[in-house]
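Consider the two complexes below, in which chain A is the common component and chain B and chain C are the respective partners.
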Partner chain A sequence: MIRKIISGNEAVALGVKLARVGVTGIYPITPQTTIIEKLAEMRAKGEIETEILRVESEHSAMAATFGAALGGVRAFTATASQGLLYMHEMVWWVAGSRVPVVMVVGTRAVGAPWNIWNEHTDFTSERDSGWIMAFASNPQEALDLTLQAFRISEDERVFLPMMVGMDGFILSHTKTNVLIPDQDQVDDFLPPRRQPYVIDPEDPIGMGNIFPPEGYMRLRESIDSALRNSEDVIKEIGREYNKKINPLGDYSTLNVSYKLEDADYAVVLMGAWAGDAMEAVDTLREKGIKIGMLRIRYLRPWSEKEIRSALKDKKAVLALDRSTSFGRGGGPLYVEIKSTISDVVPQIKGVVSGLGGVTVNKSDLVYIFNKFVEGLKDDVIWYYPKEVGKIELRTPRDIE
Partner chain B sequence: MSLGLREILNKHNGILSGTSACPGCPENMAMRMLGMGLGKDVVLVVVAGCSSVIQGNAPYNAYNFPTVNVAFAAGPATAAGLARAYKQRGKNATVVVWAGDGGSADIGFASLSGAAERNDNILYLTVDNEAYMNSGGQRSGSTPFGAITTTTPEGKKENKKNLPLLMIAHNVPYVATASVGYPHDYIEKLKRAKQVEGFRYVHVLTPDPYGWLFDPSKTAEVAKLAVQTCYWPLFEYYNGKLNISPESLHCLDKRTRRPVRDFLSIQGRFKRLTEDQIKILEQYIDSVWEKLKSMLDNQ
Partner chain C sequence: MSLLEYQYFPVTRPNKGAGGKTGAWRIVKPVVDYNKCIGCKACFMFCPESTIIPSNGKVRVDYEYCKGCGVCANVCPVKAISMVSEQ
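Up next, the complex of A and B:
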């Protein structure tokens, strides 16, 4: 095991190497591009055996990855934003096929208008697709979750594809200290690939042809129950990962609590800004305010059990979304949290911020958390940091 | 089938009984012949189209090959992924994409072009019934000028997109055209394509009784007329060289071509064509043959 200062994207590329991936379908899109560049570079140097399939679109990147997975090898791809939306059809096709595949999403805003900066909406928009969905909060976790993703996805109790999200630029391009496991450690943790069926030339099975309505509906139900039952599998694999690979990480739960136990107030969020949020929690705690944080690490499965027991006795809960669910005011976390705890928590509020790369720093979070504890009038607010000010939207009609 | 093909047929029957195809279905014929041409060690990737339906409902499947069904535009990339997986596992397999003209000329064209440019080790087959027949016969990029479809009730205003020539322009190792009216020629070409490494493209004309509006007993006859009237040229492009297939050699000289009217009049979809419009179609056929001839002259 060694330590190295590397970016989230490099950490993921190393994870792919260590997982002995057979085929990678690649197509560039900011901010994940340096993952696939790194893989291509490692392949050119002969450091990895992975076949690199340089396809002509993200739709094909997912299709190529799907084909390779059906053909019996470990398969990986990475994307973001428009790319994820472009492959959306294949994302669903892969889940419906119950074939293990791993993808990393370096999250980014969705157009129009063009915006290459961080936001989670690309990732969260796939929450109904039938994939296991984890989200990292630092480069170490991006590596750890990528390795665990192969194991979880290929577990016979799951057999579903898994995607790992990480904040574009904030994690993908920021270098931090990362613990990189040795190949033997990973080989010990990650057994040879398993999958529910392999398409082999000598075995004339068919997959994906027309299912009559009842069979189709049963298949959909099987995806739902596999996803919900994956919770225990994820914890079991997480514990093994703690033991065999990263004793410093804690993967024995799906989601991560910070100073929640005695808290009256709780903030729920996902991704990299958890770091600033923990500092903001500490600042409020210094003033005697009992506040804590719950970081959603798994958007799917959505652990109702964990989330309810973490939040059930709170006076008020604030869901902080870096993502939108248009027409619902708040973002997806707000909607999910409300549906999970509204019978036990009297006040649930939502803040949407950080969209399209809007920088939300610790002082903003301190401000938001204070306002929340004082009592927000509205159920949901869209917060613009002071530096950004109020942005005037100009429509074509205004310009006339 | 009484074409002296029994011997080959027995080697590998590509299609089993109990398909959901319409009577007289040309795609059924093309699939049966695929088995005769390629034999075993074949994996099929089928994109959306009549062939997604013809194979029947799960848990059964009438295709006697391992079959992967996939979204409309995803055939070539899925096949490329499979081919790479087999390469990694040291398995011998011919991965075949089976797509209709809509899947090839329209929605899947970028993916087809990408796989060709990369020279992925797959065999791509276009079964061309010249419209979106599975959804009821809407025009595609491969529908010919003048043909009535459900979305061109007045007759299509544009010429057919010439996919085989486009694939030759991609510089791939092997391109061939075929017609279900000439099984020997088609099967020979499949056999040759199987031996080639890299990207192979075979485009087979599959006249559809229900979209082209002719009697279902006449599928093979219409498929022959398409070739005899030089509407559908049969050729092979191999090792950088174009070869006109024997069935089409007479087309090189305009005087020996059978009149295209013989092909048009047997179908209902051209019934509104005026004399002037038939001329436009003839000009298109001429232009294709001029291109082929100039390629022959320059090689």
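Up next, the complex of A and C:
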């Protein structure tokens, strides 16, 4: 095991290398591009044997990856934003075919208008597609979750594709200290791929052929069962990962608590700003405010049991969204949290911020948390940091 | 692989129905020259009617369903399939 200063994208590429991925369908889209560039570079140097398929769109990237996976090969792809939206049809096709596939999403805002910066809306908008969805909060976790994703996805209790989200630029392009496991360690953790059906000329099958209504509905139920049952599988595999690969990481739970046990107030969020939020929690704690944080690491399966037990005795809970669910008031996390704990927590508030790359730093989070503890009047607010306020927005041309 | 009870997969196996039988109207039929056939299964992959059956490392044709379209003969890389007139 070695330590290296690398970016989130490099960490993911190394994870793909260590997982001995057989086929990678690639198409570039910011901020994920350097993952596939790194893979192509490693392939050119002969460091990996992954077959790299350069295709003409993200739709084809997922189709190629899907085809390889149907053939029984460990398959990977990565995308972001418009690319994920373009891939949307194939994303459902893979889940509905119950085929193990792993994809990394370098999350980014969704147009229109054009914006290449960080946001979670592209990721969260796939939450009903039947994929297992994990979200990293640092490059180390991006690598660890990618490795675990292959194992979880290919487990016989699961057999579903899995995507790993990672904040675009904040994680994908920022270099930090990452613990990289040895090939032997990964080989010990990740056995050769298993899947129930493969495309084989000697024993031909059709995948996803036309299904009568009853069969279709039964398949939908089986996806739901597999997703719900994956909760135990994720914990079990996480514990094994702690033991065999990264003893410093804690993957024995789906979600991560910070100073939550004795807290009166709790903040729920997902992704890279958890680091700033932990510092903000510390700042408020120094002032004697009992506040804690729950970081959602798995958006699907949504661990109702874990989240309820973590938040049940709190006075108030704040869901911090870096994504939107238009017309609903608040983002997806707010909606999910509200539906999970509204009978045990008297006050649930939501804040939407950080969209399209708007920088929310520690001082902003301290400000938001303070306001939340003092009591927010509205259920949901859209928070703009002070720097944003200074910008003169060139909105609609004067209409005479 | 034994699958768990809740696991269900959208898998179908090719099957033949009485409605797909060719009858007497076919004009030409593919005949495989087993001295030439290398068992690459290109014909199997391209047959629109799934009438090519891989067997013993080579292929044979299910004439009951074959429509005589000639796709197999066209894709064969070693010209092992010739289209022969029906008597």
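One rule holds in what follows: the second predicted complex is superposed on the first by the 389 of 400 C-alpha atoms of A that agree within 3 Å, B and C clash if a C-alpha of one lies under 4 Å from a C-alpha of the other, contacts with A are read in each partner's own complex, and residues count from 1 in each chain.
Definition applied: contacts are C-beta pairs under 8 Å (C-beta built on N, C-alpha and C of every residue); 3 or more make two chains touch, one makes a residue touch a chain.
Everything numeric here is computed off the predicted structure, so don't read it as measured data.
A.B. asks: On chain A, do chain B and chain C fit together or clash when superposed?
C.D. replies: clash
A.B. asks: Contact-wise, after the overlay, does A:229 reach chain B, chain C, both or neither (first, second, both, neither)?
C.D. replies: So A:229 only meets chain C here.
A.B. asks: Is A:196 in contact with chain B, with chain C, with both, or with neither (first, second, both, neither)?
C.D. replies: Touch status of A:196: second partner only.
A.B. asks: After superposition on the shared chain, which partner residues are touched by A:7: those of chain B (first), chain C (second), both, or neither?
C.D. replies: Once the two structures are laid over each other on A, A:7 reaches no partner at all.
A.B. asks: State whether A:172 touches chain B only (first), chain C only (second), both chains, or neither.
C.D. replies: A:172: touches no partner chain.
A.B. asks: With both complexes superposed on chain A, which partner does A:124 reach: first (chain B), second (chain C), both or neither?
C.D. replies: Neither partner.
A.B. asks: One more residue to check, A:96. First (chain B), second (chain C), both or neither?
C.D. replies: second
A.B. asks: Which partner does A:204 reach: the first (chain B), the second (chain C), both, or neither?
C.D. replies: both
A.B. asks: Which partner does A:138 reach: the first (chain B), the second (chain C), both, or neither?
C.D. replies: After superposing on A, A:138 lies clear of both chain B and chain C.
A.B. asks: When both complexes are superposed, which of chain B and chain C contacts more residues belonging to chain A?
C.D. replies: The partner that reaches more residues of chain A in the superposed model: B.
A.B. asks: If you stack the two complexes on chain A, which partner ends up touching A:57: first (chain B), second (chain C), both, or neither?
C.D. replies: First partner only, chain B.
A.B. asks: Now that the structures are stacked on chain A, which of 113-121, 131-139, 167-175 or 185-193 shows chain B clashing with chain C?
C.D. replies: So the stretch of chain B that bumps into chain C is 185-193.
A.B. asks: Do any residues of chain A touch both chain B and chain C, and if so, which are they?
C.D. replies: Overlap of chain B and chain C footprints on chain A: residues 201-202, 204-209, 211, 215.
A.B. asks: Within the complex, which stretch of chain B touches chain A?
C.D. replies: Per the touch definition, chain B meets chain A at residues 40-43, 45, 52-53, 55-59, 61, 63-71, 73-89, 91-94, 110-111, 113-114, 117-118.
A.B. asks: Considering the complex alone, what residue numbers of chain A touch chain B?
C.D. replies: 22-23, 25, 49, 51, 53-57, 59-73, 75, 89-90, 93, 199-212, 215
A.B. asks: Which positions of chain A touch chain C when the two form their complex?
C.D. replies: 96-98, 156-157, 159, 194, 196-197, 201-202, 204-209, 211, 215, 218-219, 221-222, 225-226, 229
A.B. asks: Please give the residue numbers of chain C that touch chain A in the complex, ascending.
C.D. replies: Going through chain C, the ones touching chain A are 1, 3-4, 6-14, 41, 44-45, 50, 54.
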